[in-house]
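One structure is given below, encoded as structure tokens.
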């Protein structure tokens, strides 16, 4: 849906995956925060969490802030990571500009790349 | 030069509407797809700040003026809120881990646009964003 | 009630921008996809008429005010152009086969919206369009 | 492209087909008028012309006016027809409201339906 965000949660190889569709901005970001909190409660021992941006058509500093906060949280709890997959070049640029990449999250091109790396 | 003016209430609901309007206007100019995405983010960051910081608990208006030139798009985003001290407020961000914001909004505007100017006082804030058309 | 105001020059280039803004606003309300398409067409028809007929050769401004209510969206499209005689002008359309217009604009507005009102004089024209939210 | 109109012209079974993509409004309709004039000049004896609305996401009275004018023209020249294909339900509704359907153009659901009917 234009101007809105849809969130759904599933597992791949026991790793929780958050699929996002639409736009993440100051209006929609609470849906993403809620999903992150839900995953942290449902998988209290998870070391990894995948966030799938395949169908994200817009993200700005609000969305990056939520993801960075989530990354800090999973680091603190389980020394874990948020793993971003399917970011478009535009979204990668935004992560670059933010200077956040080197912090507590990793970026993979595809879900299979992420799963291969995280399960080995 | 052509002006298009949009006024919205300072509610998060309508930042996406500004983005749509901005992308429509940018589409009528010779911007690349990437330029248009940059413009959408920068104008959203400015509006998001006006929504989050300008008015406290009682929303006011945000006025967005798009000025279309042959060789550039200039966007002025104005609120009549409380203003801020641009040097002080941006520095203290890292000391306040409670805040959702990471101090990225102004960083994004500066890196995505060709020119960013802040005019802020107790009577409100105006951000001027400029993106040049590369031809 | 929330107001959003958009002002564009009366140029065909920017009718699509109004459409984008309108669809963004309608998306924030409980309209169906079909309702949103109806609103886009109706608001475009009103703007198209202001572009084509209001100002003759020297463009002026078109002001569009969106008023968001719990149960309806009201859109006022105003120009400061020459106005027209709504009964006479619509009737004589068929006698003038040279014109591109088929007299469909006002027909479309009336059939796609729940309420359409014209206020026109030598000082300009305001069209009021209302679409109800069915719940 | 959002807010714009792309036009291309091809043949199917010797019948000229105009493929349209995008939005037809007061800004873009001249592109459609030009394409119609081009087809009338290039195929001066054509009795049928197909207009493919498959990728049209928006059309209003301006676009309908151009199509209706084109239909009048091909009627006058060759007693011919404009044949609309792939109109969405929303676009069909607009044609309905306009009261133009019974006039000089026909509506088919698909290109193959149109070709079958027009070549028999």
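Letters A, B, C and D mark the chains in the order given here, with residues in each chain numbered from 1 onward.
One rule holds for everything that comes next: a residue touches a chain if its C-beta (ideal position, glycine included) is under 8 Å from a C-beta of that chain, and two chains touch if they have at least 3 such contacts.
From a predicted model like this one, the values you see are computed outputs, not experimental measurements.
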Open item on the list: For chain A versus chain B, what separation do you get between their C-alpha means, in angstrom?
Closed with: 25
Task: Centroid distance [mean C-alpha coordinates] between chain C and chain A, Å - done: 42
Task: Touching two or more other chains - residue numbers and ranges from chain C - done: 13, 16-17, 19-20, 23-24, 28
- [ ] Any chance you could list the residues of chain D touching two or more other chains?
- [x] 2-3
Open item on the list: Tell me the shape of the graph of touching chains, choosing from line, ring, star, complete and other.
Closed with: other
TODO: Can you identify all of the chain pairs that touch?
DONE: A-B, A-C, B-C, B-D, C-D
Open item on the list: Can you tell me which positions in chain C touch chain B when the two form their complex?
Closed with: 2-9, 11, 13-14, 16-17, 19-21, 23-25, 28
Task: Contact set on chain A toward chain B in their complex - done: 2-3, 23, 25-27, 58, 60-62, 64-66, 68-69, 90, 94, 97-98, 100
Open item on the list: List the residues on chain C that touch chain D in their complex, please.
Closed with: 12-13, 15-17, 19-20, 34, 37, 40-41, 44-45, 47-48, 51-52, 100-102, 104-105, 107-108, 111-112
Task: Parts of chain A lying in touch with chain C, wherever the complex brings them together - done: 1-4
- [ ] Spell out the part of chain C that touches chain A in their complex, as residue ranges.
- [x] 23-24, 27-28
